[in-house]
Amino acid sequence: MNPLPLDLQLLNACAALLLLLSFSMLAQRRTVNLVHLLALQGALLVVATLIVAWRTGEPHLYLSALLTLGLKVVGLPLLLHRLIRRMNVYWDTEPVINPSGTMLIGLLVVVFSFGLAQPISALASTATRSTLGIAIAVILLSFLAMITRRKAMSQVVAFLSMENGLFFGAMSATYGMPMVVELGVALDVLVAMLVLGVFFFQIREQFDSLDLYHLETLKERE
Amino acid sequence: MTPLAAATQLLEVVSATLAAPAFLGWANQCRAWLQNRRAPSVMQPYFVLRKLLHKDVVLADNASSLFRAAPYVVFGTMVVAAAIIPSMGTGLPMSAAADGIALVGLLATARMFLSLAAMDVGTAFGTLGARREMMVGFLAEPALLMILFVAALLSGTTSLPLIAEGLSSHALGLYPSLAFTAVAFVLVLLAENARIPIDNPSTHLELTMIHEAMLLEYSGRHLALMEWAAALKLFNYACIGFALFVPWGAGNEASGPLGLLLAVPLLAIKLVVAGAALALIETLSAKLRVFRAPEFLATAFLLAVLGLLVHLLLGA
Amino acid sequence: MELILLLGSPLVGAVLLALYGHGRRGPEINALFSALTFLAACALTARVIAAGPLLLGREQFLVDPFNAFLVTLTAFVGLTTSLFSRPYMRIEAAHGKLSAGRLRLYHSMYQLFSATMLLALTTNNLGLLWVAMEAATLSTVLLVTLYRTPASLEAGWKYFILCGVGIAQALFGTMLLYFAAERVLGAAGVTALLWTHLDAVKGQLEPTVLSLAFVFLLVGYGTKVGLAPLHNWLPDAHAEGPTPISAVLSGLLLNVAIYAIVRCKVLVEGSLRSALPSQMLMGFGLLSMVLAAFFLWRQRDIKRLFAYSSIEHMGIITFAFGMGGPVANFAALLHMTVHSLTKSAIFFAVGHACQKSGSQLIENIRGLVTVSPTIGWGLMLGALAILGMPPFGVFASEFLILTTAMKQQPWATPLLLLALGVAFAAIFSKVQPMVFGETNARRLPHAPALLPVFVHLAIVLVLGLYVPSYLAGWYHDAARLIGGP
């Protein structure tokens, strides 16, 4: 009854887990665990990329998987861990909306993104097209996480998870972007992280905390 | 109605009613072992029932007839529920009368009578327990419905025996949607049957209890029926779980009497494993504060809906 | 060759200045590399004039009339700003606001920023365009926080997060574009993001996907343009960063972001054959204009005031590109040029004015003309120019846009006039007392650089009176390229 070959089943399972991870990130309040979840998300992305690479035999996807492994599973989480340890920011404050509310909004977001993906998936010729909806959902859920978080660290993790969602989307719609672009994007992400690292220290030096509550003074004044 | 179907039906109802306390006893025994305590016998629930059935009923002065009727209604609903859940065979004549959604309704009826009876006498604890029970039920029911919907979508019907048939004939494969709903189902099972982390069945600490608080005013045969119904409810939930997530082995028309005979030990094995797993989960988790229960059930609901959405998107 | 020099010189400059940028001659080296870049831009432009549109580097780079003038403009303003920043940053250092290390960072990032903008302008690959835009954000984030004040950190954080999120949307849009292109151009992959290839087959691209892609691209790059309601980062980043950076952000980066949007719009419009992209551009443009005009009234910080004025003008340009057609496109291109020149000139003048009075608050800056007639008049003339007073070039382009709007989109005319009127009153009433009246200014440790201010204003004045024929030719070619209903 199940017409899908095993590799696609695995890919679908990866996609479903990615979606689940996005929700756990939405609910998670410890920054260390957030970083773990991010690394796990990266690892799932690597697995998914490898499956697609094996299926299509496109060499640049192997390279892309390697890039993801180095950057998003090992590199960035390590960097973030160091930052968390050095700055002692283990907990996020209470989120702006309560967790159950966030979850419900998240569900609506998922419905919305599945609807959004429908016309595109219908046109796609890739075997992986059905996971595009999940990719969009991951992107939008990360967006939601950015809105509901107060700590700089959590926002950054959400930002990176959005980047992961974008990669997953590119893979499911078109088996990845051209190599030049992928390299460029990876470089940008890396530089962004370095800039952020510097930035965190500047913020902390100035406010003794990474709470974005301090960064709310520049409002329009009467 | 073929003789085989009638036999299946009868066997299911009778064995569920009789075996339910043993399942509960087994789960309690495993839990005691895991906690390094000396375990009570598997037969302990039977002893309790026998003792209670021999005692006189003590009624509060202001108890109404509702209070006296509730145990019979609750127990009756559970028996009816047992009749439509395909635990041993899928050729159930009674199941034509009620599908999965009606089953949720049956369970809700039992909950409603239980809560009404708890409030009937007007003691503080009864009302408190009833309120908490309604809160849990209000959150658990949609989740349970969602779980049933996923299974219904996968097999194209809402009738439980047909779902079990359909799912057992699916090719083996990865079904993320079923995996999500299975986790959701375990969460709902824990909450609905007053297990840790939502409620602790073995405590009478007023501030935390839910189910026990509703039974405080009952005694004698009423209490026996209520306890029996609770055991039967746990048994029923376990069987719903088997029907949805490990549907293999239930007998049907095609497999004949031999299939039915084989299904009995198979069900016993499933129950033994499930009881042990339940004890393990209960030992590993700590009881949540009551106001965290909504979050727990929201997670179940979320997982079930995610399962539904994933199924709609990926078709798996 | 010119291209290599054009992109290479700022890159080399960035590396060199990362090592020596704190030295005594740092500002001069910075200016030198900017001059080199400008020369390369001129050479490239000359070649385009002689030989027409160029495809270079295995089709990865494209120079056509549309971006040739933007390249020249960017290199030119980059040069004048580096000249302005020479004394400006020295004064800041003398006032104790900056350490040597931060000067080095500033100079290096300045060159890197130029390189990313030029890359964004010249690349033919829409993926590289995205990479360059993101790199432009990253290279300026640390410049916005250069002073390390709480406010500047907040501005930098907002800038980083808002633009980061925005640019992620743009990446998704680019991905969708690639997805649509791959179906037509085949899975060769290499050519499917090249603008020239896409342009050739734009009629066959899948309309549903492209309209979705355009929404994401517009939101993404629109964040960088500062289109309302995604403009929040812009005033903060402009106000809290050093003034030369405000000048290049306002004068150049916004242009580059609009350029990206217009390039995408050409493709989407070719595929859709409907007015959707135009209407979206017009809608966002008008909203930004009106919103910015009313926010202008509430500003007390001079740099925020002109930042909001930038949002307003970006709104005008976006609206004009939205109307489309040869005249509106021509006017929009002209407006990009003159706005860029005028706004950077204003920021130069404002920078020195703030240094003189030691504050960015409008109420603390008074009577500039009595202490320093050049700064005072520079600011006054700049303000008049940006407000669209004849005979400055802004008047010419705004007049063209207004008349076209009356003809093509009469419903929008009252809104346009309202926004322009409100902006005029707001800015003029705030700038007038700053220039004239009692003074409180002090002497500066280094002579201010005012030549760039007057050079820019002079060019704007000339453009208002007369557009050279080759420039007009380019504008016409570019306008035709952009097309529109």
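Read from first to last, the chains carry the letters A, B and C; within each, the first residue is number 1.
Note that in this section contacts are C-beta pairs under 8 Å (C-beta built on N, C-alpha and C of every residue); 3 or more make two chains touch, one makes a residue touch a chain.
All values reported here derive from a predicted model rather than from experimental measurement.
Annotation of chain A and chain C: not jointly contacted by any chain, touch as defined at the top.
Ranked by C-beta contact pairs, the top interface belongs to chains A-C. Remark: the per-chain Cα centre closest to the mean position of all protein Cα atoms belongs to A.
Chain centres here are Cα means. That of chain A falls 31 Å from that of chain C. Per-chain Cα centroids separate chain A from chain B by 38 Å. Mean C-alpha positions place chain B and chain C at a centre distance of 66 Å.
Residues of chain B in contact with at least two other chains: none. Counting partner chains per residue, chain C shows two or more touched chains at no residue at all.
Counting partner chains per residue, chain A shows two or more touched chains at no residue at all. Those residues of chain A that touch chain C in the shared complex are 116, 119-120, 123-125, 139, 143, 146, 152, 155, 159, 162-163, 166, 169-170, 173-175, 177-178, 180-181, 184-185, 187-188, 191-192, 195-196, 198-199, 202-203, 205-207, 212, 214-218, 220-222.
Taken together, the chain B residues at the contact with chain A in this complex read 169-174, 176-177, 179-180, 294-295, 298-299, 302-303, 305-306, 309-310, 312-316. Of all the residues in chain C, the ones that touch chain A in their complex are 60, 125, 127-128, 130-131, 134-135, 138, 141-142, 145, 148-151, 153-158, 160-161, 164-165, 168, 171-172, 174-176, 178-179, 182-183, 187, 189-190, 192-193, 206, 208-209, 212, 236, 240, 295, 298, 300. Partner chain B is touched in their complex by these residues of chain A: 1-2, 4, 6, 9-10, 12-13, 15-17, 19-20, 23, 27, 99-100, 103-104, 106-107, 110-111, 114, 117, 130-131, 133-134.
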